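Every chain is named by a letter (A, B, C, D, E and F) in the order it is written, and numbering of its residues begins at 1.
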Amino acid sequence: MNKQEGERVVDYFIVKDRETSVAANGSEYLSLTLSNKSGSLRAKLWDVTEKQKEWLLKRAIIKVDGLITFFREQRQLNIQRVRLVTEEDEIDINELVNQAFIPREELWQELRMFIDEIDSETLREIIKTLLRKKEIREKLTTIPAAKMYHHAYYAGLLEHIVTLCHVTAQVLPVYPHLNKDVIIASCILHDIGKTKALSDPVIPDYTTSGELIGHVVLSIEMILEGAIEAGISTDHHEMVALKHCILSNYRQNYQTSGVGSKTAEAIFFQHINQLDNELNAFFMIGNEACEEWTFSPMFKRKMYTYRK
Amino acid sequence: MNKQEGERVVDYFIVKDRETSVAANGSEYLSLTLSNKSGSLRAKLWDVTEKQKEWLLKRAIIKVDGLITFFREQRQLNIQRVRLVTEEDEIDINELVNQAFIPREELWQELRMFIDEIDSETLREIIKTLLRKKEIREKLTTIPAAKMYHHAYYAGLLEHIVTLCHVTAQVLPVYPHLNKDVIIASCILHDIGKTKALSDPVIPDYTTSGELIGHVVLSIEMILEGAIEAGISTDHHEMVALKHCILSNYRQNYQTSGVGSKTAEAIFFQHINQLDNELNAFFMIGNEACEEWTFSPMFKRKMYTYRK
Amino acid sequence: MNKQEGERVVDYFIVKDRETSVAANGSEYLSLTLSNKSGSLRAKLWDVTEKQKEWLLKRAIIKVDGLITFFREQRQLNIQRVRLVTEEDEIDINELVNQAFIPREELWQELRMFIDEIDSETLREIIKTLLRKKEIREKLTTIPAAKMYHHAYYAGLLEHIVTLCHVTAQVLPVYPHLNKDVIIASCILHDIGKTKALSDPVIPDYTTSGELIGHVVLSIEMILEGAIEAGISTDHHEMVALKHCILSNYRQNYQTSGVGSKTAEAIFFQHINQLDNELNAFFMIGNEACEEWTFSPMFKRKMYTYRK
Amino acid sequence: MNKQEGERVVDYFIVKDRETSVAANGSEYLSLTLSNKSGSLRAKLWDVTEKQKEWLLKRAIIKVDGLITFFREQRQLNIQRVRLVTEEDEIDINELVNQAFIPREELWQELRMFIDEIDSETLREIIKTLLRKKEIREKLTTIPAAKMYHHAYYAGLLEHIVTLCHVTAQVLPVYPHLNKDVIIASCILHDIGKTKALSDPVIPDYTTSGELIGHVVLSIEMILEGAIEAGISTDHHEMVALKHCILSNYRQNYQTSGVGSKTAEAIFFQHINQLDNELNAFFMIGNEACEEWTFSPMFKRKMYTYRK
Amino acid sequence: MNKQEGERVVDYFIVKDRETSVAANGSEYLSLTLSNKSGSLRAKLWDVTEKQKEWLLKRAIIKVDGLITFFREQRQLNIQRVRLVTEEDEIDINELVNQAFIPREELWQELRMFIDEIDSETLREIIKTLLRKKEIREKLTTIPAAKMYHHAYYAGLLEHIVTLCHVTAQVLPVYPHLNKDVIIASCILHDIGKTKALSDPVIPDYTTSGELIGHVVLSIEMILEGAIEAGISTDHHEMVALKHCILSNYRQNYQTSGVGSKTAEAIFFQHINQLDNELNAFFMIGNEACEEWTFSPMFKRKMYTYRK
Amino acid sequence: MNKQEGERVVDYFIVKDRETSVAANGSEYLSLTLSNKSGSLRAKLWDVTEKQKEWLLKRAIIKVDGLITFFREQRQLNIQRVRLVTEEDEIDINELVNQAFIPREELWQELRMFIDEIDSETLREIIKTLLRKKEIREKLTTIPAAKMYHHAYYAGLLEHIVTLCHVTAQVLPVYPHLNKDVIIASCILHDIGKTKALSDPVIPDYTTSGELIGHVVLSIEMILEGAIEAGISTDHHEMVALKHCILSNYRQNYQTSGVGSKTAEAIFFQHINQLDNELNAFFMIGNEACEEWTFSPMFKRKMYTYRK
């Protein structure tokens, strides 16, 4: 969203958030968050009618005509005309969703290749058992990696996983002592609990078990269920190594999970995971930025978003 | 261990730790940690012979004759005579082990009563399924609750569990809105992962999965396996509530696990668990203390161990 | 306050906060915080007249007619009619004040019983000397335990004290070594400094000595003054034990006061005090909540406020 | 700025910040930050015309007529009439700028005296070499010491430097072992990097090298360049002592620079620097305050701004 | 203590600490800490006889002949001959005690002058009331300011107080807005609780109330008792200002007491107190050091103790 | 050093540390740290003669005959015979020094290749200017990267630099937006200050400027001096980008330097630098370990050093 103040916007959007308020003059208005492929935008619809309140709901797909203003240094769209899309608009919801940079099908092919290159039967089997389930596979390949900040878009988790696999494949020749299979399996399964912790790929929210159990332990639970189904012992040394990578991954940065990394594979995985999260977050900030310096709530400092 | 400097000790012990060193005069000696019902004691055997080194091993049960000295403000036994116990000594290993204050059988009866008073079929069934397994039941009722500091004795975990159940039963009338079943189930199962994380009830050490997975997540794994066996859904709302109590229990104090407490039951369980751990640790310090003030590595300060 | 968006409210309130602003169209309006037994509510009075500004002051008792709207996810009352209460309304200020769940008189009777059960003459006497003073007794039995978050209502401190006494009475049989009198005296006197630190039971604010000295040290000062009056030595071992419980109570959580807990009584008191504060805070959040998850600034996370 | 609610303000200001927004009724307005000798003031110009938007820019010098209102506990000026200053107004920009309490020329004379009293030729020469450069001297004697909180006004850095020199001169007789020259040189040069890190004395902002290198290391770089120019070895023991004072100054409080203080001079300089920063910040808060207690974002607590 | 390895020491000492151990060859030895005017020294007496153990006690005054060795980078005296002092030695205990750099009588005269220059009758009276008591005056003028690290010698607290008064007198002209009386009274009384918290001027240890109440709150208690005796209201605004300085003094560094500094006087006092503590600690390290760099447990880093 | 208890060692060593002590029986002994290619070893020489003390100094090269014992879980060599090496031993010091895994000459060739592949003339020139100086080049290619924990051996820094270059070259294709030249220059120059901060490649210690300025700022100083010599502006945007990578590198982990990473290149460099440090530290621990679990003071936990 790189619009200047005063620019006119005529486009299709999906409604991500919606709130009714009463203005100073007593009339009602709507505060909306709109979203499409180019990002998110806050919008206001003044003097909303009762009718409009009925159909302008969260998740509605709409066509909007308005002007960009600035309020507290944030872009805001002042809506002048708005209607629901009709069949004639020939709009596909997928075209409105902010997506991973690489097509999802391509990412999925790359992921399958990385799985096939795993030598350990145990680790390959646990991954295949889990991805064989349609509801897991569909969610893993569509949800974002996080609600905000990094890979926060359709299929963001899949893109994150495939990037981690690529980084691993590239760096491992420099550190030949490391167990490649354990690391690749960690790249693929470390966030599988998010398929239970996040509610929806397009407008994700935390589920009750996401809040009460946390996605790290949900990942461990799903891996355990998969292992039981596949007849793999949960105490198998490769399974323990895999789970250790996932559990130790969150210690140093977010201090939310069990154990610090105690193996070379866990040290490696932890750093490349963080590297990819932060680089992706930086690119997302840069994409939205229109100033030389942009404050980031994730990094808690201003980042240098200058474009040569 | 309340012995004064210079006092003579003639008693039976189990060898908990053993290390060979060479003294300044070139002769070898053994540094030992001895233990029996009255607690632990460091000891030195000077001018150890090759023979003695052969049979004086970790876990040996011995009879010792020596004098108490003080070294760096710690009691130390200067061994003058030592031999392995023989059948004539008529020593039962259970008599040497530092134990819970209440007999283990009594604790076990009390625990069974608390289980029977659980109204929720789901929670009662998950507990029974797990305790029905002999290797779990035997370990849960014999291991200490921790390697050091609190309930660090034979059947210490069982005593901790039963005490928590008593506290819950007593306090719940003051907070009638709380779900008793969830809390009692948390008291009983919150440390069940320690049956896998600790190696031995008498001389416990962390196992590989104890180090790499951590006892909190091991508890969650065991509960999940039990649930699958008992045909209980892992997403059942009472199971989620139980797992949330266990996971949130470790956040505020040790910052090692996933999620902060977000339910009244988790808030309650977290505080009584910590209360019992700290009070027990304080009593253990007081038991061993011979001064008015005793430094505690767990509390990181001197504690007031004055006896009126 | 469980009102839905668009619902009409016709009720009596006390004005807790009041601020004048100028709206975009140049007309003035009032931002108010209104409060009655069912909780607090933000409100707006648009196009306020000079007359209204004269009588619509902080602490005024008013009758209001308005509609509930939502602004930034918070309920807000859009006032349409407002007037001061008159005698005909037959409104008693006590009926407007958000109060402890149990009647204040009942709490006071229970407190007296707990005082009578104290065996130590020293501790019973210091409590009686302080509560004999009318200005202390009246304030202790009417002020909230805190300005926000927990027991933040009329007589909230008294309710907190009595609950702590009940918890102590219930749990002590499980830990028979503890000195009951020291703990009960700590329950009753630990927040007595708040009678000087908080200005008013209905609309409390910090006093200058509350800000500059802090309520913990104010409690110690008042106990010392009471001891001098009652002829009790400030170095009496029970007085030291009592003061230690009060001082150590604040260390681990808020790191604001002198010393960590070094006695079993201080460990015990610290945990049950925190338990009651957090459980009460949780119930206050649940009372006001209308969603499944509610963010709490005190816990710094979303809490599970789902009602079955 | 000590104006009461409802008071009329007719005065000259410089525009420090400016933002366009659209009000609820669809008309545009400007949010401004105005500043003159008596401090800063937020202002609103409702129903702004296209014309006004053209000339009412950041850094404009304007004459304003308006009324003081309060919005979210902050003073705000409701502008009723506004125009650019003309030659007839006979306004000098220096009269509008919030300045150091002592005239800049006087401060400069005092600084020169302190330089002349330095006995070490090395340290005197490095200071003179740097201050001989017009662009450094002019910036050092005009910029604030910080963007916000302390000495945040025209020539604030110069005032801070001279105050530090005075404090040093006064206290050193109490600690006669300290090296006066090293401390005075640290007082003068410790913030010289801010001449590169801050963009402008009147409306300062961080430069790119201010953000990417930080003013501490910029100070070190400038001292090094000066030393090379003056033919002084960068490893000269007095240069190392000076740089150590500057580098260690930031450790304990802001944890942003290299090394803790390891010399008596660094310990001394660190504490008086912090003392002057905090006292100046406190006086700035007191100057603007109109209540007995004023919250300070720098101190993160309410400060006692009562005036007898 | 600047002795080199291998140097012979023949001198008088006081025994500060004493411990019996058994050596590898079975014979007993004593580990001692000896102290005299030039500092502290660890010592060993090998093959101690039963007789020697009887008279070589803590607090004994002895004459020693031995050789300096080094053990784990620490000087250690290998005692070859030792005996109790006799009358013929004509040793005065005061000659053995490590003392403040300025004679105690001189410090006392200076302190009295500072008291006389206090204009506020309230503050002068509270100081005089407390110092009029012989047991307080004698202890205040003999104890160290701390057990270790800074001013840890006979009359160290008195020296610390007088230095703080001097620093205040020197710096206040630079900050004329500050209330001198409140700061001088804080300098004099801020550590008065240490007269109750420390047991003895020569071999100080924490008392039970020192451990359980802490010296900060003990200071507040003593000031309150003095105020009651002198007929001064504890709520008198100068008393509150004084107590605030004392209470806030410990917040930022040690996080042990109630409130952050909220007045200019408290900000000032906090910084000069810390400055004097750290400079004195640094000089004490330098005094004992024999290397260019010396690790300091207080600063948690190596300090630069190079002597030109 | 993988020797078992009781094993005999006959080998050449360099003396890294040496300390004299007196044993319980009054005789003197030496505590030594010996080092050769296979690592470090603590050793004791009992009953040392005056002669031996004269020639057995720090940095001496010796031939030793002794037995491995264990003291406090650490290997210790009990020396039975020792002499200085003579010419006949035909020992080259390089054969005794624990070295990088790859020969130094090979590493140097690889480094030159990476330099040649830098496209930016500015960055290539600053590197060449610095490495053209013999004393910098020789030190950079021989010192360890740290005194302890990671790359703590001869040419360890060079190995670290070359590994970082390899990792960068491998991963950059995954993140094509990053500026390769800035990152490679950071890999090569980020620790160049260590050539001034560390005293010696074989037995390194911190220099005075290493302690007082710190190696991060020393790196910046050296780069600045190089830039002045090469006629490059210190404000050149690539120089600022390079310095930012170096300065931000230390923020998150060690909190010792100026600024958090604010560019994609700094984020990238920070993570791969930490990754290589931790992996190398882990391999060093594993190399020395003889147990399944080994405590690491750097990681502050037990690491899994199990060998399959």
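Convention: a contact is a pair of C-beta atoms (placed from the backbone, for glycine too) under 8 Å apart; a residue touches a chain by one contact, two chains touch by 3 or more.
Because the structure is predicted, anything quoted here is derived from the model rather than measured.
Touching chain D and chain E at once are the following chains: C, F.
Number of steps on the shortest path from chain A to chain D, with steps defined by chain touch: 1. Seen from the Cα centre of chain B, the chain whose own Cα centre is farthest off is D.
Ranking all chains by how far their C-alpha centres lie from the centre of chain A, first place goes to E. Mostly identical positions are employed by chain A and chain F in their mutual contact, as over half of the interface residue numbers are shared between these two copies.
Compared on C-beta pairs in contact, A-C and C-E come out with C-E as the pair having more.
Note: centroid distance chain E to chain F, computed from Cα atoms, is 42 Å.
The distance from the centre of chain A to the centre of chain E, each centre being the mean of the chain's C-alpha atoms, comes to 59 Å.
Along chain C, residues 24-25, 208, 211-212, 262-263, 302, 304 each make contact with two or more other chains. Taken pair by pair, the chains that touch are A-B, A-C, A-D, A-F, B-C, B-E, B-F, C-D, C-E, D-E, D-F, E-F. For chain E in complex with chain B, the touching residues are 19-22, 24-26, 28, 208, 211-212. Interface of chain A with chain D (complex): residues 5, 23-25, 27, 29, 44, 46, 67, 69-73, 76, 78, 292-293, 302, 304, 306.
Interface residues of chain B facing chain C in the complex, by the touch rule stated above, are 163, 166-167, 170-171, 173-175, 177, 260, 262-264, 267-268, 271-272, 274-275, 278-279, 282-283, 299-304. Residues 208-209, 211-214, 216-217, 220-221, 224-225, 228, 234-235, 240-241, 243-244, 247, 251, 255-259, 262-263 of chain E are the ones touching chain C in the complex.
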